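Structure below; questions to follow.
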Amino acid sequence: MAGSSFGTILKVTTWGESHGPAIGAVVDGCPAGIPLEEADFESYMNRRRPNGGPFSTKRTESDRVEILSGVFEGLTTGTPISLLIRNSDHHSGDYDNLKSLFRPGHADFGFTAKYGIRDHRGGGRSSGRETAARVAAGAIAAKALRLLGVTFETRVISIGGIPFEESEKIASFIEECRARGDSAGSEVECIARGVPSGIGDPVFDKLDSRIAQGIFSIGAVKALEIGDGIRASSSFGSENNDAFYMEDGSVRKLTNHAGGILGGISDGSDIRLHVFFKPTPSISLPQQTVSLEGSDVPLTIRGRHDPVIGPRAAVVVEAMTALVLFDSMLLNMTARFSRIQDFYRP
Amino acid sequence: MAGSSFGTILKVTTWGESHGPAIGAVVDGCPAGIPLEEADFESYMNRRRPNGGPFSTKRTESDRVEILSGVFEGLTTGTPISLLIRNSDHHSGDYDNLKSLFRPGHADFGFTAKYGIRDHRGGGRSSGRETAARVAAGAIAAKALRLLGVTFETRVISIGGIPFEESEKIASFIEECRARGDSAGSEVECIARGVPSGIGDPVFDKLDSRIAQGIFSIGAVKALEIGDGIRASSSFGSENNDAFYMEDGSVRKLTNHAGGILGGISDGSDIRLHVFFKPTPSISLPQQTVSLEGSDVPLTIRGRHDPVIGPRAAVVVEAMTALVLFDSMLLNMTARFSRIQDFYRP
Amino acid sequence: MAGSSFGTILKVTTWGESHGPAIGAVVDGCPAGIPLEEADFESYMNRRRPNGGPFSTKRTESDRVEILSGVFEGLTTGTPISLLIRNSDHHSGDYDNLKSLFRPGHADFGFTAKYGIRDHRGGGRSSGRETAARVAAGAIAAKALRLLGVTFETRVISIGGIPFEESEKIASFIEECRARGDSAGSEVECIARGVPSGIGDPVFDKLDSRIAQGIFSIGAVKALEIGDGIRASSSFGSENNDAFYMEDGSVRKLTNHAGGILGGISDGSDIRLHVFFKPTPSISLPQQTVSLEGSDVPLTIRGRHDPVIGPRAAVVVEAMTALVLFDSMLLNMTARFSRIQDFYRP
Amino acid sequence: MAGSSFGTILKVTTWGESHGPAIGAVVDGCPAGIPLEEADFESYMNRRRPNGGPFSTKRTESDRVEILSGVFEGLTTGTPISLLIRNSDHHSGDYDNLKSLFRPGHADFGFTAKYGIRDHRGGGRSSGRETAARVAAGAIAAKALRLLGVTFETRVISIGGIPFEESEKIASFIEECRARGDSAGSEVECIARGVPSGIGDPVFDKLDSRIAQGIFSIGAVKALEIGDGIRASSSFGSENNDAFYMEDGSVRKLTNHAGGILGGISDGSDIRLHVFFKPTPSISLPQQTVSLEGSDVPLTIRGRHDPVIGPRAAVVVEAMTALVLFDSMLLNMTARFSRIQDFYRP
């Protein structure tokens, strides 16, 4: 089944394995006339890149995005934008001992149960490497949104349960984690500002519903909150309802417990998400697992792995949110017949 | 935009407003040969029905599901199954004073911002009433799943933050809530047992990704956890990874922190979800809002409303999960070419 | 597999069998604010209705379209429009002798091969009756198009190879056909005027590609021509190319061999289709067939059947074309980023 | 709008412009375990390649298909197969004089009307060059079908109305055409043998309906016949109906006027299509057109162009048919619940 496409008007298809020659994305349905150059991808790709700092793998990825189609003389043309990112720095050999094993916490067993075959090198298709293609695609959506007045603020909230602003504590926590071959969970917040009201479609394509699909499609995500999230489940209606009021001729809300979405449709306030990642499943502590042949075997994973997922995945959260928001804004243009009449008036 | 359809092979389309003549669902792509009669819907519909008990509205809904097509001589035929549920017990008059107001916590403002028009009676399309159609559709999926060995256990975990098993405390809490015209949040757990391994599709159609879309399409859901959920974000990889082992020739896991899904594909253990609902937004305490004309106005909502959403929404959670699981199991049948060759071997 | 839905933004789902209690359509994604009442369906439904005249069955169908949702105070609301058409005048008994046979030229064998089960009464889902639901849905699209300046001219061109304007010859031809228990093929032309240029999407969703899907989804269609159609295959480029020229500041074409579509995108001239129907497969002449049990058996079909399909199917051709055109016009609104910026400019 | 994807389970997305660095296709949803190597594409690509013979352009295209993902150790893995074909032999300069003109018979005007911008070099996205990507994708479907017992026979039937077997007449006709700078129309027949009965989905996803979408998505197609096609519209039911009979325990048909599809579902006999192409719109005879600025201007097209489309497009017809057939066979696997029970039986 074809699960590598996302979106309705703006449709992104990603492809590629961790240790193949390249990965990429095709962004179809992108409106014509958006200024776009390879440099537009850089800041996004940089946020995802391992920086050799405390949170990331030592693997280096240059991750230059090549535009193969859909852009002419610096503008999108409305035709599919094919983006290519070459893989480099292969250490496929690192994975030879994993060929006939299922790594705990990974997709290895699921892929084998499903397909009867898998590219075991570095997780193949289920590798975090795949998200580079989404980030490239999301950079286009984010650029279009910025031109439409929508901006993002995305940051790591906590690592291993420790608030991220307590930076020294975090640094030593990560260092200890890495030193003993372990990994830690993390939490990311993403806020989208400037989203107009009216975006999102009842019933199954509610804005939160589509965001949720996008966010849970990121490997390692185990929970999502919108607005107050879990806290709403222990509050009263009199606390949780956001009162409306008028300001400068616009409808505003006194509070934003809802996180910017009511009944699946944006209400004009900030859209606020909290995303929770499990710890990196690749740890170098000894683990117990089974082999393809069906025997219990001990496992020790070698290779270079991020000890925590959130710091590099924050931009992936933002990219998926941007893809949903831009697509939903495009879909929203046909909601009122009077505007369609205006559009086609001779 | 068409947001009222859900699913790929098994495609459900719901329609209808709270105070129109009827609501319904069309279930297309349902395989032929499933025994189905109107009684099959009863237990599901009963779980959603207000029972006059402490958690629910006094509005009565008989909610008999009429099958208009797709079933012949007691078996599904493979053609679309049209399900009709008549609306009754209208008190549209209850909503007259809400016609020109936006109720806090409701979709009123979003619908108006989007469409410039709305059926204000009882929330119209955004009413919880819509979920009756999904529950009817979900009953078909649940029946098919049961015949395939998949069962559900779904229950309310907490109300207003109070564990549901503390029943006396809950009852008095709800009573107080109702008495002062307020409402409370709630939490529901849904466990699916017997799902084979290999179900779900990388990348954007991961099993958790599709479940998330389904769950967040239920009004009032503000958070979703899969497996350990938020807890995973503060744990270590050495704790969170589920070790594999062999038992009776099958691959098993020693623990199930993952909640039955690894890398977006089922691993054969229980699929476990926690769903968090905000408090019912319709409260009879005085609130502040604005009118269609753009003035600040006070609001007092009359009418009959559940003081808490979880107890009646639990079956909606189960229904959406069943729809995703059955559809994903159908999609999974084409994953391996060798099985396709077996299927078409003369 | 779910094959009963059609369209991307404007999505139509039909349901129902010939001899069940009702058939219907759900039209989702219809923009809000289109004036719509049950009377809007009448002229369309009347064109499809058997009129007791020479071309049609004696079965009577009142075919009143009931609107169950999506319209409030005379305007579409943007939510799904559920349309219901009750079946009446059942003569299911007419079909008892066909229960265990495959009628030549019908879908009986295909449905049985596929599903292993079928509702044999009157063709069940594969009955021409199903098209009543599409015509109802198409009436909404046609109304919207009319308000946008697009009109249709649809007519029967020939029956049994005889030009339709030779009316006397046609009448006697049909009468002879019916008298000897036979049926005849037919040809329908549909012209859409006023379609703006730029409608349709490269590559697989070309306007002609989507029209072709819609037209061939009408039972009994065996050929489709766009513009000059087959004639183009024996002409020269110097004849077939339509020269452009300017008139009143607009781009026009001197000729319209292309039938209004170039490279899959409308060019502003009339869109012109020719649709070819096979003869009604239900004939009362003796035929040879096989039984469900696998024996050769003779067959004589009783019951009331149109001797020719085109006259009643003309409005179905128009309805499908209208659905494609309106959907494509909606899709086209997001083609240029500058217009999206205009739309969302505060 | 995203029109560059095709298919439901097996989903093909093509990208690329005629004079960009490359074109390509992503084939998602392809079952795992199909043997595939780059050589598998060769015979298909060769049939599309200009051979310097009488029917084709002098432009040379090596058209090697590179597999960038989805194949591991010679087998498909179930993940998206990314295919890349580099463009070479650019003569972009040939198109400089066309930058500000609309070529008659081409998509130039439509693209400009739609997007307000276009890559004018060699037709950009609307170039016949795009079909190379589909042919590569179709080669995978064709290989899978061959392993399932389905084969194709595809050939040119006529050029300029002259039967193709009259080879000498054809050769001199083409030579004259080319000599005077003109082009000619053509007709292609495609027969698929060995398709099992039961393939295709009522109502809108009928097998003929999906084939029609695929065929009309090929540029320059102006008509499609299935089975007897237009001839059926002037025949009698007693002639056109195909009688069923039993042979060796199987249901067979005495004739095949239907072309292998009844009621949208395959009946086990040969599927037979006739496809009609207009003449190549690029002719070097003087033409009349208009400029981007809105003036009437004369036009003479230089550059290398095929004088007739059918000979190279025959394999494109076969590729699109293969994509539809394989996808429809995959979709068909979920039609019967008893088979789903067999599939999932522990």
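Going by the order they are written in, the chains are A, B, C and D; count residues from 1 in each one.
Criterion: contacts are C-beta pairs under 8 Å (C-beta built on N, C-alpha and C of every residue); 3 or more make two chains touch, one makes a residue touch a chain.
All of these numbers come straight from a predicted model, not from anything done at the bench.
Comparing chain pairs A-B and B-D, the larger number of C-beta contacts belongs to A-B. Distance from the centre of chain C peaks at A, each centre being the average of the chain's Cα atoms.
Separation between the centroids of chain B and chain C, computed from CA atoms only, is 36 Å.
The geometric centre of chain B is 43 Å away from that of chain D, both derived from CA atoms.
Distance between chain centres (mean CA atoms), chain A to chain B: 25 Å.
Within chain B, the positions touching two or more other chains are listed as 1-5, 8-9, 14, 29, 32-33, 78-79, 111, 114-116, 125, 196, 202, 331, 334-336, 338. Contact residues of chain B toward chain A in the complex are 1-6, 8, 14, 102, 104-111, 113-116, 125-126, 130, 158, 160-161, 177, 182-187, 196-206, 208-217, 219, 221-230, 232-246, 249, 251, 254, 257-259, 262-268, 276-283, 285, 287-290, 294-296, 331-332, 334-336, 338. Interface of chain A with chain D (complex): residues 1-5, 7-11, 13-17, 20-24, 26, 28-29, 32-33, 68-70, 72, 75, 77-82, 111, 114-119, 124-125.
If you check the complex, the residues on chain D that touch chain B are 8-9, 29, 31-34, 76, 78-79, 144, 147-149, 196, 202, 329-331, 333-341, 343-344, 346.
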